[in-house]
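Each remark here refers to the structure printed beneath this line.
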Amino acid sequence: MIKVGIIGATGYAGQELVRLLYGHPEVKIIKIISETYIDNKYSYAYRNFTGFSQDSCLALDYETIADGIDVLFTSLPYGVLMEKLNDDILNNVKVIDLGVDYRLMNSTEYKQYYGKDHKSIHLSSRFTYGLCEWNENEIQVAENIANPGCFATAIQLALLPLIKEKIISPDVTVDGKCALSGSGRTLTLGTHFVEANESVKPYKITNHPHKIEARKAIEYFTHEQVKLTFVPHIVPMQRGILVTCYTKPTMKIDHDFIRNIYEKYYHYRQFVQILDRGMYVETKWVRNSNMCHINFEVDEQDNSLIIFAAIDNLIKGAAGQAIQNLNIMNGFPQNMAINYVPTCI
Amino acid sequence: MIKVGIIGATGYAGQELVRLLYGHPEVKIIKIISETYIDNKYSYAYRNFTGFSQDSCLALDYETIADGIDVLFTSLPYGVLMEKLNDDILNNVKVIDLGVDYRLMNSTEYKQYYGKDHKSIHLSSRFTYGLCEWNENEIQVAENIANPGCFATAIQLALLPLIKEKIISPDVTVDGKCALSGSGRTLTLGTHFVEANESVKPYKITNHPHKIEARKAIEYFTHEQVKLTFVPHIVPMQRGILVTCYTKPTMKIDHDFIRNIYEKYYHYRQFVQILDRGMYVETKWVRNSNMCHINFEVDEQDNSLIIFAAIDNLIKGAAGQAIQNLNIMNGFPQNMAINYVPTCI
Amino acid sequence: MIKVGIIGATGYAGQELVRLLYGHPEVKIIKIISETYIDNKYSYAYRNFTGFSQDSCLALDYETIADGIDVLFTSLPYGVLMEKLNDDILNNVKVIDLGVDYRLMNSTEYKQYYGKDHKSIHLSSRFTYGLCEWNENEIQVAENIANPGCFATAIQLALLPLIKEKIISPDVTVDGKCALSGSGRTLTLGTHFVEANESVKPYKITNHPHKIEARKAIEYFTHEQVKLTFVPHIVPMQRGILVTCYTKPTMKIDHDFIRNIYEKYYHYRQFVQILDRGMYVETKWVRNSNMCHINFEVDEQDNSLIIFAAIDNLIKGAAGQAIQNLNIMNGFPQNMAINYVPTCI
Amino acid sequence: MIKVGIIGATGYAGQELVRLLYGHPEVKIIKIISETYIDNKYSYAYRNFTGFSQDSCLALDYETIADGIDVLFTSLPYGVLMEKLNDDILNNVKVIDLGVDYRLMNSTEYKQYYGKDHKSIHLSSRFTYGLCEWNENEIQVAENIANPGCFATAIQLALLPLIKEKIISPDVTVDGKCALSGSGRTLTLGTHFVEANESVKPYKITNHPHKIEARKAIEYFTHEQVKLTFVPHIVPMQRGILVTCYTKPTMKIDHDFIRNIYEKYYHYRQFVQILDRGMYVETKWVRNSNMCHINFEVDEQDNSLIIFAAIDNLIKGAAGQAIQNLNIMNGFPQNMAINYVPTCI
């Protein structure tokens, strides 16, 4: 049994982690850590755990955090973990970080996108970028995992095969749509029900951090430089991300050709499904699951290739992929505890 | 032209007041007061006013509040106005209060339901209860208005004819459903989109203040004592209130008999419509309007009479009725500036 | 391995059955039957099964329906199964019926509530009413199961202990709120998104069939006659049922007394949880699970006891309880394949 | 008084027309035509008209359609009007068509996008394209109006100034998001509440008719050829369209430069508002109004200019603009009967 702790367990991604790990046959949750709910029952913060969990939330103490656990999941707002993490902790526990602090950025890029100096950028080299379908070999031997962001996951799964094979121009426009859970549990006017419901809006128009993450990660996996124009939008729903990728082929293509490219990379991958021609992705078809659906449309007349990818932002875009990483690191079947049919209703 | 000021103009009811008064041909808005947005453009707080309003929000100064205006609308959380209002102000301006502080309660009842000592209970006698369809004569000569609460409005419009005519037992159970805008613009976990969406829940199960208001008001209008069991629920939508009133007839009744009772009281009332037999109320049919829809069902076998009433909580339940009161006080047509067909989509 | 077939597999309850049974370690799905999608892949009707299922939908043939399977789940609109089911079929396969045709009614009651003559009322005696927490012993030896309705399940779980112990008057008012999935997948104007969204409404005001079902079942379990006033409402969300039960105690009660009653019946029941005092049910806390949450409020002043129960209408109110029945019939742990923490987001 | 008739009055755009025209001081509605609700009260089809309208729906008779009216609004699915309209009718009544049949297309283009042969393409020359802010002079003297499509309106209002001034490359990518009311009142699985709620999806990926409309109209207004990549998406809400336009400047630009371009074209236009820098459009800020909000973001580093436009699809994108056209044709103030502050809640 792997003994785990979770920092940030009462955020939305944290709750999904606890919920899914609760059903993991090889995992035992030892520490549920939440600064907001110290000494409260976890089932007080999340009443869906009534009858399932008697655990209480613990305070966060970095001195003793590694004691008694094998793996530490961290799910914190940007800039928090990088202030506290150090080599001592990493020498004593494996970290799977759902936050952004160790995702392939150098200190300049971090400063530019997050407006803060990174206090422990040297630790980044101890983290492996955890995009499971593309980095499996590295993850198997990884010390720690920088779990990819939700938009970055969807963008990469959609684009990597095409960029790797040099099928498309490296100048790509991505329009993203995300559910409200992507904005977290912190109260803001923009996420107040009456303000958010029945409306759609763009946000972080030119500087969304997943833009730099996706760009760096694409370079990491393909050694190609890409120019990414990316605008995320918020749509009034609980869960789900849809990315629409507008690309220009660099050659004559047709539907089957592109399908073969995707098959080459994803044929044996359970969690990436290329939909049949004419079937379009909808976020509901992947809800509550670790699945990524992809479809694409070739416009031969306009020489354009548009790719769509849908994931559940909290699962494949956060907690589910984190567990998939845990499974790979430990030699478990990749789908252990995340092998659920999406709940479309 | 009536010159008006609005305190609490950036709350949801306040915004509806500003929006509707903007289209009132006999009203000029002089003061938009909001402690949250002092010196900001009103169109900054509510961008729907872009291109419509250049006004800025003013600070609240009770010393000078009455200067330059004829009517003051007050839309504040409970317990705020009663601390500041005094005879001096009331001698200089007519107040239409959308808050709860002067709604027929005595100091004991106020303390019981709001947990505070009322600081100006003596002013209550200067306020007329503004349920327009039932208190028109008093409103015409009123000095100030205590505008009814949203649930209280729906409950009274549904029940008053039946209680007045002694058709039903005075022991009534009311199940209320309210949209999220009823909870206001203040940020809370319960009104965070992800927490409130896709869920229905009861709240304030035994002590909702509209219970005492409805009880007192029914007594005021009918001289009957009623025992009211009332549970409000929150449903995931923007606007609308539906009350389901479970009553026991005190005599043999049938559909036409009850319809005649309602017709007697509401036949000439534009804003109360009794739906045809077999048509049920839905909150969408009154959305964005000052309309109240009522339908009822007689179960002769079970000797039961169930009445349904639907209103828009922010209009007939707040800002619209406040304007209707203003119109009555000033001898304008009752429907001036609120004569809108509901927007059902 | 239990070999099962599912009739009505592409309705909403049917889909939940397929989805949950897919994760059942002791079940193998042999026949997925859907008249609407004959010869289509199941993953074409429900694309959430992409990558999970290669099964195709079969036509419905009552002649051969029992061949090769041990258990047949039937999830059909009222009046369909009763036309076709016969002793021959029941002699060859166990049926777990999610429909209403064999739920404790006699032919007169069936006619009154469904407007049709029941064609096989004599088969009712071969069906055991499958309210798991109350009929476990009978279910263990049952031939076939009449799986309870969604509203009826919530109402009974809330009321049975109190009626059994004669704590409350047998004249009960229940106000129900149900999500749109309760109206099924058949297209109607009332379930069209633009018509149903952002609105709440009552329906089937005096004659909802769950009223007779709950009444008959309460009598079956407690030998008490109850008078039930019941109005269901539709609220704009995907899943979930909340019932608010207004009752009159027949004796002096307080909170702890009532809690003890509930504990007596549900202490060892995983799927019925009585919330701590002051915690209120919300449908989201049971979403996607087989859980029922109950809370209650005693109003000693008004001598009133109000009970709230929330379930997921498609799981504890349909597919989940059907699987719980399967488990009990076969001696499996009751929670096999339905032991999921609710997904509150 | 202008006497009007409305064909398709019980569709969503039709209902908005009736609702808004009801408040138009210079218009009298003579004929409400609906094949679905012949001889039913209009308030039966749309109960929001209870207490406002006693009109009944008439059958559609093209022989007598022009009798007794000055203006005929037509709001029909594509391909219906073109089968029936003829010179005789047009000689007797002015038509304002909210449908697509006479919107700048030639017969080849119509066939390509709608898959039908156009039966009365010669009538197109009698229709003026009614994009009010860009074609005012022509509309003033127009015989009949082809009222622009919803997406086409938003796209053109966003792009026309920039294309006209040759600021951007004529190769533009537009990502559109539309509410469910854009899909009309016809029942389909995709617009069933449970299927559409809590999900976002693309549709008509390469062949949305508004693409050809926008392309032709841009050419009509600017004499520039554009290449438009356009993908519409459906988001789970009632009303609203947001378009995100990804463009490449052809020259060095900055924020103020672009703002000046927009000011040049829209400074005196009430219904097009350019938001202050840093303010982003949200569909709620234009809901229930004839307003278009635009904002833009210059990314100097990436040499990219992204423009956002939001409208209410049923008002500025349909009924509101149709009334604006009526007003211009008749010399009324443009905002008569459509001068409403958006209802953001």
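To keep things simple, chains are lettered A, B, C and D as they appear, and every chain counts its residues starting from 1.
Quick note on the criterion: a contact is a pair of C-beta atoms (placed from the backbone, for glycine too) under 8 Å apart; a residue touches a chain by one contact, two chains touch by 3 or more.
These numbers come from a predicted model, not from an experiment.
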Intersection of contact partners for chain A and chain B: C, D
Chain whose Cα centroid lies at the greatest distance from that of chain A: B
Gap in Å, rounded to a whole number, between the CA centres of chain C and chain B: 39
Between chain C and chain A, distance of the C-alpha-averaged centres to the nearest whole Å: 36
Per-residue overlap in chain D, given as positions that touch at least 2 other chains: 12, 181, 194-195, 197-198, 236-239, 282, 284, 287, 345
Contact set on chain A toward chain C in their complex: 12, 15-16, 19, 22-23, 46-52, 181, 198, 238-239, 270-271, 273, 275, 279, 282, 284-289, 291, 293, 314, 339-345
Touching residues on chain D, where the partner in the complex is chain A: 173, 175, 177, 194-195, 197-203, 205-206, 227, 229, 231, 233, 235-240, 242, 244, 246, 280-284, 287, 297, 299, 302, 304, 306, 308, 345
Contact set on chain D toward chain C in their complex: 12, 180-181, 185, 187-189, 191-198, 236-238
